[in-house]
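Two complexes come next, and they have one chain in common, chain A, joined by chain B in the first and chain C in the second.
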Partner chain A sequence: MFEARLGQATILKKILDAIKDLLNEATFDCSDSGIQLQAMDNSHVSLVSLTLRSDGFDKFRCDRNLSMGMNLGSMAKILKCANNEDNVTMKAQDNADTVTIMFESANQEKVSDYEMKLMNLDQEHLGIPETDFSCVVRMPAMEFARICRDLAQFSESVVICCTKEGVKFSASGDVGTANIKLAQTGSVDKEEEAVIIEMQEPVTLTFACRYLNAFTKATPLSTQVQLSMCADVPLVVEYAIKDLGHIRYYLAPKIEDNET
Partner chain B sequence: MSKKATRASKPKADPDAEGSAKMSKASALKKVLFMSQELLPKDADDGHLRLERFFHPGHGKEALFMTHPDGRIMEFVEYAEPRRSWLVNSEVCSNGRIYMTTPVDPTLLALYHLRKHCAQKAMSLDNIAVEEASTSRLLNEILDPENLKCVADVKSSGEQKFYRYNQERTLAWLALKTRQVVRILKEKQVHCGHSAQSQNFVRSEKLAAENVSNEMDYTRMACDIVGRYLDADLHGLLINYLHIPSEIQAIVEEKAAAQKRKSMAGKDEGSDSKKIKLNDSDAAAKLKSSGLVDSDGDPNASITSPTAAPLKERSLTAKEKALAKGAKGTKSIASFFKVK
Partner chain C sequence: MQKSITSFFKKKSDDTDSPSPPKKIPKIDRKAELPDEPTIKAENGSPEVKPKAERMSVSPEEKTKNAPKSVKEETVATTDRKVTTIGLNSTAKDSKVDVENYDPSTDSYHPLKHAYWQDKKVTPYLALARTFQVIEETKGRLKMIDTLSNFFCSVMLVSPSDLVPSVYLSINQLAPAYEGLELGVAETTLMKAICKATGRNLAHIKSQTHLIGDLGIVAEQSRVSQRMMFQPAPLNVRDVFKKLRDIAKISGQSKMDLVYNMFVACRSSEARFFIRSLIGKLRIGIAEQSLLTALAIALVKKNHIDDCKASKVPDVYKDEIAETTLLLKTAYSQCPNYDIIIPAILEYDIKELQERCPMHPGMPLRPMLAQPTKGVHEVFERFGGMHITCEWKYDGERAQIHRNEKGEISIFSRNSENNTAKYPDLIARSKGFLKGEVESYIIDSEIVAWDVERKQILPFQVLSTRKRKNVDIEEIKVQVCVYIFDLLYINGKALVTKNLSERRKLLLEHFQEVEGEWKFATALDTNDIDEVQQFLEESVKGNCEGLMVKTLDEEATYEIAKRSRNWLKLKKDYISNVGDSLDLVVIGGYKGKGRRTGTYGGFLLACYDTENEEYQTICKIGTGFTDEDLQVHSEFLGKHVVSSAKSYYRYDPSLEPDHWFEPVQVWEIKCADLSLSPIHRAAIGIVDGERGISLRFPRFIRIRDDKNSENATDANQVAHMYQSQDQVKNNQKTSTQMEMEDEFY
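Entry: the complex of A and B
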């Protein structure tokens, strides 16, 4: 028996919105430590890793490890039926081929439940090695989303260059070139507005802009985003989900000399 | 199925005296019955055609059968239309149904009783269902015990013969029957696909060759025909035995095949590609009506059952195509992270 209850459906909605553009279907691996999801996009260029800790749920019970393959489009459709303030409960029997998603309004006056068929997905899990990143940048998630959106107008790829002075995002294309520089904030008044750079050595990497834009669908989940970079290693874009876990996107760098 | 339908027997006024005998047992006063001339007893034969009720396994209740003095048994097939009545001579016959006779293998009817009584122990025919007059008449007078060895183990001790129901034998025999029906269906060129097709619509030979339904459609149809004379569970067993996939599954597969055909037709241009397109949307409409899929979105995306193979053939949305395009020039993530 698996049962997980969250106080607010809106969090789950945001999580689904954050991954459903990249993934059509994915397996939710449930264990007593929480829910894990790991999947590559169709082009096998990026990897999504979602961790929801059991202690972040209002109620969490998982007697046996359970893998639930879901069509994320269908799941998102079901979550659209929930009000943001509703309680949401996911339930499944051991070895079940369906999952039940139940929404309860705050005053318990409305209870709706939806049953969704599960899928058999044979996905292999990738082992992600520990990396000492050369640069770790923390910045407001909104700012990052804005930068990715703006630069996407210029080019398919974005160069991220991180130095002592700050982090520079640039793109060049037919229209011209665009450069956005962010300096480390001097005084940290509000943590969520700060740009913090931890650098061991400077690094310059090129990434596909569309993917970065797809990652920014997770912006509503968190005020801050963390970019971790190292030469010839995938970029890690991490959004923390308050009290619950985090969602990490890995994106392989573009091979140089391919784009002007 | 009946060999011919010579209109021979009519109520009372008809010179054939049998008519009246029949009428006396039937529920309505008069019925109109089509039957083959040769079934009518020769003038003053001793035997009479009799209308009798036997248990019909396919209907799950008793049904009317006609028995011939020589042991043949015929099922009544009824064609009922609302608001129809017959005018027989100067009388109105309010029962406007048409009845036809079609020969039935009594073994099929006996099978039900064998399954019911002789599944565990062998019994002689006259000991089965002694209290039911119709059943014992069926088993002892009409049925040819020789045929029972197709569905039962026969043990004899002296004169007595005992029968015990044998499932493997039964299924093999039913499969044989099904194959015979398949042959006839093919011979008569009965269309057995999922879609309806006009028989008198003249199609070009090429198209006809393309649209032939596959072997499985024939088998399914034949199995359904045979299944009409069987208990529901035995019919299910027969379906499993013949490995017939469910119709919904078949439609899904057909849809996939139609897609393939479409892409093939695109290559060698030609006028019939239009027809095939129709065919394709047809299958999609059927999928929709079968309640398998949501009405919006592309039909395949929401089939979540693991059996639905065509999922992979789903065409990409514009968003996905854009993402795939964006991925160009990027290394695969799998080259950095190894499979656990």
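Entry: the complex of A and C
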């Protein structure tokens, strides 16, 4: 028996919005510590890792470990039926081939439930090792989304260059070049507006805009985003989900060639 | 202490598969082409040398900071795909080297030892792609064939069941040509798939493709420049072939999805050749004849694997190779189906091949072609003293009509395309011309348009207005009549080894004429030169192109590969200076000046050398065009401009045109005569080692829409035309008999 209950459907909606562009389907791995999702997009260039801790739920029960393969498009359709303030509960029997998603209005007057078929997905599980990153940048999530959107107009790839002075995003294409530099914030008044750079070694890496822009779909989940970089290692873009867990995107770098 | 840097992503399932995963050196695979190595990896500390371009220089100060700092973060790296297949430890190293350097063109290549997929018994697609890549970089034809034969030999020895797909992939076919299964994937669809798989923009890919002129290369660059989190399992030849067939059979969005899924798994040059296969142009210069030769050499190499080095085989076993090639080509011309031939050569002795691969109705055989002559005199020179027959040469469409034991009729064109659906009217009345007991047959004939009211032949242009597909018998406006001139198979017996006189006798025994529907070609058996001349004039009056001249008894079998004595054709316009016009390919254009500004003012033409599979320049041309012609040509060819000359164009740098074109259009050209030229390359090495042949005063006659560029005039034909000029003949008394294989009309 698996049961997980969240006070507000809006969080789950936002989580789905943050991953459904990259992934068509994914497996939700449930255990008594929480819910885990890990999957690569079809092109195997990026990877999504979602962690929702059990203690972040209003109610969480998971008797046996359970893997539920879901079509994320269908899941998003179901979540559209919920009001933002509704309670949401996910339920499944052990070894079931369906999952039930139930919405209850705040005043308990309306209860709707949806049953969705599960899928058998044989996805690769990748072990994600720990790494010392050369650079870790924390910045406002909105700012990052804006930068990615703006730079995508100039080129299909973005160069992220992190030094002691700050972090620079640049793109060059037929139109010309674009550079956006962010310096570390001097004094931190509002934590959510700060730009914080921890650097051991300068790093310059190139990434495809398409994926970065897909990652920024998670912006509504968090005020801050954390970019971790290291040469020849995938970029990690992390959005914390307050009191519940985090969503991390991994993106394999592009190989810079001299022509572009 | 376990350093985090040496760890990398790995499949969790691997842990169970391999109890103690050996320490691997994590590294990002720059070219994404190591199938058996971790693709992405962690940070410094690894003994791998980092690509310099990717690292910024590190000041000592920063370095010291580096050590104590610990932002513990997880990182991503990928691991080997299948633990069960190739080992991860030392063998992985070896195989990695083999994969990257797989090169079947080296002298030391050993078909067994260097076939790095030995233990898997499944041919990796990468090995084939590597072979293609090496062949593409190779200049000489013999070397290309040798390289391909090395690969084939490895496949024969290690993974014989992959030989059929390997062969089909090498000539970019999905099935025997007569089945007409084609890929037909639009370039834009492919571009979209590449975009999706590599995160690039469609517009960028388009502009880059325009610049480079080859989507295959663009695909490879896009693939190589974007790393992946986790490399999908390596592709193998049989799956790729199967998937390509699937792609050909389905349509719509799912086609694009299939392409996409395959493309994601491509590594390095696989991407190039996979995309090229889909476009339909492999561009490695291997065509049917080269392929058959390569197969023959591979067979001989296989037989002598222990005797000597593979690179020596072609020299030591020259005769055996020649014999094998002939047997193979003979079998292929009567049974053009690799699905039958290849299992047969693997299983049986090559000498049995002909019996193992018999001809049968429903499967087209290569038609006997004719070569042009300049006049009646030349015919008699060539056929001196033999019994000959002349038949009218009808101006229509060549048709091989088959009927099998079940009574099913199929009709094949000159190029072995299935035309059955085009002539439902013929099939409906196919019983009428049988005489006596006929169960199965293959006849060779010409289909011409027929004026029912006036009972006469209509020109070819009328025939070409007939619909090609989904022909409804009620709606046929152009009636046709079939002129039968040969019988190749009757009631289960092949007749190709019989002489023409016997075949003709059997033809008359089993078939009869039906007015306006089935006729025998008008023929005259004579050895009198005046009668031939007169017969030629009659044929022209009868709306024919001229005559076909054949021997009746000597060398009169219908065996293409054995080079039965060729048929000759005598055309009505033989009186002009050069016996026949030439059909040449436009490969370049020079910008027009003055009145011709804005269009091309001149063009560079080439003939096709079937032996070397290359286009050789033969002349520049600027006359014979109306202004309207130039406008039309410029518009059409403007769409086929490529940024640089194709590797298979042979030309002198002094002739470099303003624009190079794809070899897409064939023009009929007449000229005053042919001469040796220091700058043109046509037939170079045939008549003269240094010089090629060029045309004097070339004139444009018309576009030959019915011919594709590989059916253009062949270098041998050019050489022959040159040598048969009176002037040249008088100079060199001993004119060699040129052998020509291709038709020329």
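Just so it is clear, the second predicted complex is superposed on the first by the 258 of 260 C-alpha atoms of A that agree within 3 Å, B and C clash if a C-alpha of one lies under 4 Å from a C-alpha of the other, contacts with A are read in each partner's own complex, and residues count from 1 in each chain.
Simple rule for what comes next: a residue touches a chain if its C-beta (ideal position, glycine included) is under 8 Å from a C-beta of that chain, and two chains touch if they have at least 3 such contacts.
Remember, it's a predicted structure, so these values are computed and weren't measured experimentally.
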item: Fit or clash - chain C, chain B, common chain A; value: clash
item: A:120 touches, of chain B and chain C: first, second, both or neither?; value: first
item: Touched partner set for A:245, first chain B, second chain C, both or neither; value: neither
item: Touching partner for A:140 - first (chain B), second (chain C), both, neither; value: neither
item: First, second, both or neither for A:230, with chain B first and chain C second; value: second
item: Partner chain in contact with A:34 - chain B first, chain C second, else both or neither; value: neither
item: Chain B versus chain C as contact partner of A:130, first or second or both or neither; value: second
item: Which of chain B and chain C A:43 touches, first, second, both or neither; value: both
item: Partner chain in contact with A:71 - chain B first, chain C second, else both or neither; value: first
item: Partner chain in contact with A:21 - chain B first, chain C second, else both or neither; value: first
item: Identified clashing stretch of chain C versus chain B [222-230, 420-428 or 636-644]; value: 222-230
item: Chain C-contacting residues of chain A that also contact chain B; value: 40, 42-47, 124-129, 156-157, 208-211, 233-234, 250, 252-255
item: Residue ranges of chain A in contact with chain C within the complex; value: 40, 42-47, 124-134, 136, 156-157, 173-174, 198-204, 208-211, 228, 230-234, 236, 248, 250, 252-257
item: Touching residues (chain side chain C, partner chain A) in the complex; value: 4-5, 7-13, 15, 27-28, 30, 40-44, 50, 53-56, 58, 62-63, 65-66, 69-78, 196-201, 204, 207, 221, 224-232, 260-261, 264
item: Interfacial residue positions of chain B with respect to chain A in the complex; value: 297, 301-302, 304-306, 316, 319-320, 322-340
item: Chain A - residues contacting chain B, complex; value: 21-22, 24, 40-47, 71, 73-74, 116-120, 124-129, 156-157, 207-211, 214, 233-234, 250-255, 258-259
